[in-house]
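In C-alpha cells below, several structures.
What follows is chain A paired twice: with chain B in the first complex and chain C in the second.
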Partner chain A sequence: MKLRKNVAISDSGFIFNPSTGDSYSVNPVGMEMLTLLHEGTPKEKIKSQIMRDYVCDESTFEKDYYDFTLMLRNYKLLEEDE
Partner chain B sequence: MEKKLYERPIIRPLNTGLMNKYGNRTEYMPVTHIEGASVKEMLKKYGSPLFVFSERQIRENIRSAKRAFETRYPKVQFAWSYKTNYLNGICSIFHQEGSWAEVVSRMEYDKALHNGVSGDKILFNGPDKTDADLREAIKNNSPIHIDHLDELYRLTEIATELNVKPRVAIRVNMDVGVYPMWDRFGFNYESGQAWDAINKIMATGKLNLIGLHTHIGTYMLSPNAYGVAGYKMADLAIGIQQKFNTTIQYIDMGGGFASKNTLKGSYLKGTDIVPEVAEYAEAICTSLLNAGFRNNDLPTLFLETGRALIDDAGFLLGTVIANKRLSDGRKATILDIGVNILFTSFWYDHKISPAQEFGSHTEDTVLYGPLCMNIDVVRENVTLPPMNAGDNIVIHHVGAYDITQSMQFISLRPAVVIVDKMANPHLLKRSETLEDMQRNELVPEHLKHNKN
Partner chain C sequence: MSKPKYTIAVTGLNAIDSPGPGIAVIRGLKVAESFDVRIIGLSYEAMEPGIYLHNLVDKTYQIPYPSAGQDVLFERLTYIREQEEKIDFLFPNFDAELYSFIKLHKRLEGELGIKMYLPTLEQFEARHKPNLYEFGTKYEITVPFAQMIFSANDIHAVTEKMGFPIVVKGKYYDAKIAYNNEQATQYFNKISAQWGLPILLQEFVQGTEVNVCGIGDGNGNLMGAVPMRKLYITDKGKAWAGVSLDDKELIEITRKMVANTNWRGPFEMEFVKTSEGKYYLIEINPRFPAWCYLTVGSGQNQMEAMVNIAMGKKVEPFTDYKIGTMFIRYSNDLIVDIKEFEKISTEGEL
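Entry: the complex of A and B
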C-alpha cells in the first residue's frame, strides 16, 4: 500500500492531491502514518514505529490503521494498483 | 523517551467557499468536571451512563426567574411543573425555593403530597382527572383547573353531593399569533367557549372560580405571544369582575419558556436565539399591569415554568462503545446513551463535549446509541475530536423531560446524582435492576414450563 507519488504533504498536515485538486488536513498521528506510507513503509514497520512513539496498543493500531487507509482509498489518495 | 498521547488518525477534506451549518465545533474545551465533581470518578462510582444535576444551577435558575418577575409585578407565585422533572430530590429544591406544585395527573398529585406540599398549594391541571381525583383535590382544597365541559359538569355534581364549593380555575386557549395554536386543552377565548364555561360556573354557584389559566405552547421563542395572552386573560378577569362582581384571585400564565437547547433544523444555536426569562417577564407583567385592573384587584401571577428552569442544570454522562465507518465514508460513534433515556434527542441537537483532553483536529460524526434499533440516533451530524472506545462524553441540557420520559427499552435506566455546592455528588435515584423492571410482571402457571 502506497500513497500516490504526486500527493503533496506539508509539514503542517496539509495534503494536496493535484490529480483532483482536493486538499485535506490530517492530525499528527495521521500525518505520521501518511508520511510513512508515502515513503513506501510496510505496515508492520509503521505499526512498530507508532507503538514505539505513542501510547497505543496493537489492537487499537490495527483497527485505526484499517479505518485510516480505508479513507485514503475513499479519497483516491492510494496508488491505483493497490 | 516518554511516549506521546495517541489520537486516532483522521483525514478530513477541506472545503472552501461552502457554508456548513454543522461546521461549528461542538466544544473547544473538555468537560472533565461538573460543579467540581470529576466526570470520570462519578462514572466509576455510579456506572455509565449517568444523569448528573447541578444544585447550584437549579437554585440560580429559579432565583433569577423569580427576580425577573418580582421586580416587575407585585404578586408572583411559581409552581413547579412536575411533568418536566418529578424526581423527588429535584422537586424538593423548587419547593425549598418557595415554588408550589403544578401537576397533571393523580400520580403527580400524590407525589407532590409525598414531597410535603400542602394540598392548597397544588395546582391540579390536565384533562384526565377521575371522580376520585376530583374528590381528593376537593378534600385537600387544591385549586382544580378545569379542562373541558365534561369535567366541569362532573365537578359540579360532586360539589353538590359533598355540599362544598371547590376552588377552581378554567384553562383557556387562545390565538396568540403563534403556529401551531394550542387549542386542545381548555376552553377557547376567541370563539366564546371560555365565557360559556365562566357563565355556567357563575350560574350554578356551586364552584368557587378563583383563577384563570392558560398555557400557550412549548419552547416559545416569542415573548410577545405571552403579552397577547396576558391581555386576553386580563380581559376575561376584568370582564368577570364587571359582570359578576367577582374578583379573580390569580392568573396562571403556564409555562413554555424556551431553554437554551438547539432545536433540530435551527440555523442558530439555542444559546444565541432563546429569549432571557426577563423578556418573557417584561411581556407578561406589562400586559397585566396595563390591562386596567383596579389596584386592589390585581391578581396574583402564577407561573408554571419547567423547561427553562431545569434543562441546563442536567447533564448526561456516557461512554464511547465503538467507532465504525459507514458505507458513505461518514464516521459513526456508538455511545452507551440511547434515545430511551435521551428522548429529547428527537427534537434537539444537544451540545456534546468530550470528557478528556483532545487535540485540535475534528471530524464529522454520527452519534448512535446502543439500542439495536435504527431510530437510536443521538446526533445525526456533530463535529467532534476523534474519540476512542472507553472515552467519555458529556451531553448538556438534558434536565427537562429526559428523566420523566425515559423508558426501559432494551436497556435499563441509569442512576441519577446531584452535585451539591461543595462538589459532593448525592444519589437521587439508583440505577434500575432487572428485578425493578420485573417487579409487577406475572407468568401464568401454564406458561411456566419451558422446554429449553
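Entry: the complex of A and C
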C-alpha cells in the first residue's frame, strides 16, 4: 500500500492532494502513519513500530489501521493499483 | 532596455458577486514584466466597481449594450479612440459582446489601430452551448447530451427521455439543476426572461467541477493552461476560492481541443470529473474567466502573453505552473464621491 507520489505532506500534518485540490489534516499519530506509508513501509513493520511507541494492543491497531487506510482509499490518496 | 507602454481597453469591470473578468485581466496586465500599461475601462453601467478603481483603471468610457448593434459600438469606439492618444489592444470579456467584437475585428484594427486576439466566428459559434454536444462528438471530447428548446411546453418531452435531475441553462449565462418538471418550467421562465431563448436542457453529471484557463495561438498550439478546482462556490455557482491542480489528463484534453480547432485567443473550459475519473465538458467560454488572475499567481501571466502574441512578439508556450496555488476572493466597500458617479452617469466617461 503506497500513497500517491504527488500527495504533499507537511510537517504540520497538513495533506494536499494536488490531483483533486482536496486538503486534510491529521494528528501526530496519523502523521506518523502517513509518513511510514509514504516511505512504502510494510504493514507488519508499521504495526510493530506503533505498538512499540504507543499504548496499543494488536486488535486496536488492526481496526484503526483498516479504518485509516480505508479513509485514504476513499479520499483517493493511495496509488490506483492498490 | 526600456519597456513599451501599451494602452489597453478592457470590458467586464463588474467585479460583483457574479464577477466579470475585467478586473482580473487588468491586474494581470498591471504586473506584466515585458510592458507598461495604461488601462481604459469600457463599462456598460455606472455601478460597475471597476470604474472607480483608479489604481487599476486610468480612464473609463461607457459603451453601448450589444443589442444596440455593431455600428453604434464602432462609432463609440471611434470617439474613444479620438480622445485617447492611442489604443493598442482591446480585451472584450463578456460572452454577449463577443459576437460584435469578432465581427468588428478587422475594422477596429484597420481603421482605429486597435488589436484584439479573439477566436474566429466559426470557433465562437461551434462551442456555443446549443452546439457543444456536436462539438464534442466532432473533436472526441465527452459532452453530456443536451437539447435546445424554445418553449416551456417542450420540457416534458425532453425530461421523459433524459430523466431527472436535469440542468436548465441560459444561452449565455446561468444554469440551474431541476428535479421535476415544475422546477424546470420555473427555471425556464426565469432564465429565458433574463437571457432570452433558446434554453438548453442538459443531462446532469455528478462529480467535481474542474476548469482550465488557457490560450491558443490560432495555429493549434496551446500557449498556456492552468487547471483549477473550485473550493468554495457561491449560490450563483461562481468560484469564490479555488486551487491550481496537478491534472495532466485535463491538460491533454485541453491541448487536443486547441490542436483540433486551431483555437485562437483565451478560453475557459469547464468540466465535471466523475468519481470514476471521467471528464465531461460542460462549457467553453471564449474569453478569460473571472479567476484568470490565478494563472498569474501560478506562474503563467496569460494576459501578458496574449498581448505579446498579438503585438507580434515571439512568445514561448508556458510549459509549467505552480500546483497548489490558491485564490480566495473578498468583497470590499469602495468609497466613491457622488460627483464621480454623476460624471459617469451623465457624461459617460470618468
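Here is the rule we go by: the second predicted complex is superposed on the first by the 82 of 82 C-alpha atoms of A that agree within 3 Å, B and C clash if a C-alpha of one lies under 4 Å from a C-alpha of the other, contacts with A are read in each partner's own complex, and residues count from 1 in each chain.
In this text, a residue touches a chain if its C-beta (ideal position, glycine included) is under 8 Å from a C-beta of that chain, and two chains touch if they have at least 3 such contacts.
Here the structure is a predicted model, which is why all the values come from computation and not from measurement.
S.K.: Give one word, clash or fit, describing how chain B and chain C relate on chain A after superposing.
M.R.: In the arrangement built by aligning on chain A, the partners chain C and chain B fit side by side.
S.K.: Mind working out whether A:N27 is in touch with chain B, chain C, both or neither, as first, second, both or neither?
M.R.: first
S.K.: Determine, under the contact definition given at the top, whether A:S19 touches first (chain B), second (chain C), both, or neither.
M.R.: second
S.K.: Considering only the touch criterion stated at the top, classify A:T60 as touching first (chain B), second (chain C), both, or neither.
M.R.: Only chain B is touched by A:T60; chain C is not.
S.K.: When both complexes are superposed, which of chain B and chain C contacts more residues belonging to chain A?
M.R.: B
S.K.: In the overlay, answer first, second, both or neither for which of chain B and chain C A:F68 touches.
M.R.: first
S.K.: Check whether A:A8 is in contact with chain B, with chain C, with both or with neither, and answer first, second, both or neither.
M.R.: second
S.K.: Look across chain B and chain C in the superposition and give the shortest C-alpha distance you find, in Å.
M.R.: 5
S.K.: Would you mind writing out the residues of chain C in touch with chain A in their complex?
M.R.: 208, 210, 228-229, 231, 242-243, 245-247, 323-324
S.K.: Show me the residue ranges of chain A that touch chain B in the complex, using the header's touch definition.
M.R.: Its residues touching chain B are 15, 22-30, 32-34, 50, 52-56, 60, 63-65, 67-68, 70-72, 74-75.
S.K.: Could you please specify the touching residues of chain B with respect to chain A in the complex?
M.R.: 3-14, 323, 325, 329, 359-361, 386, 388
S.K.: Tell me, which parts of chain A touch chain C in their complex?
M.R.: Touch list, chain A to chain C: 6, 8, 16, 18-21.
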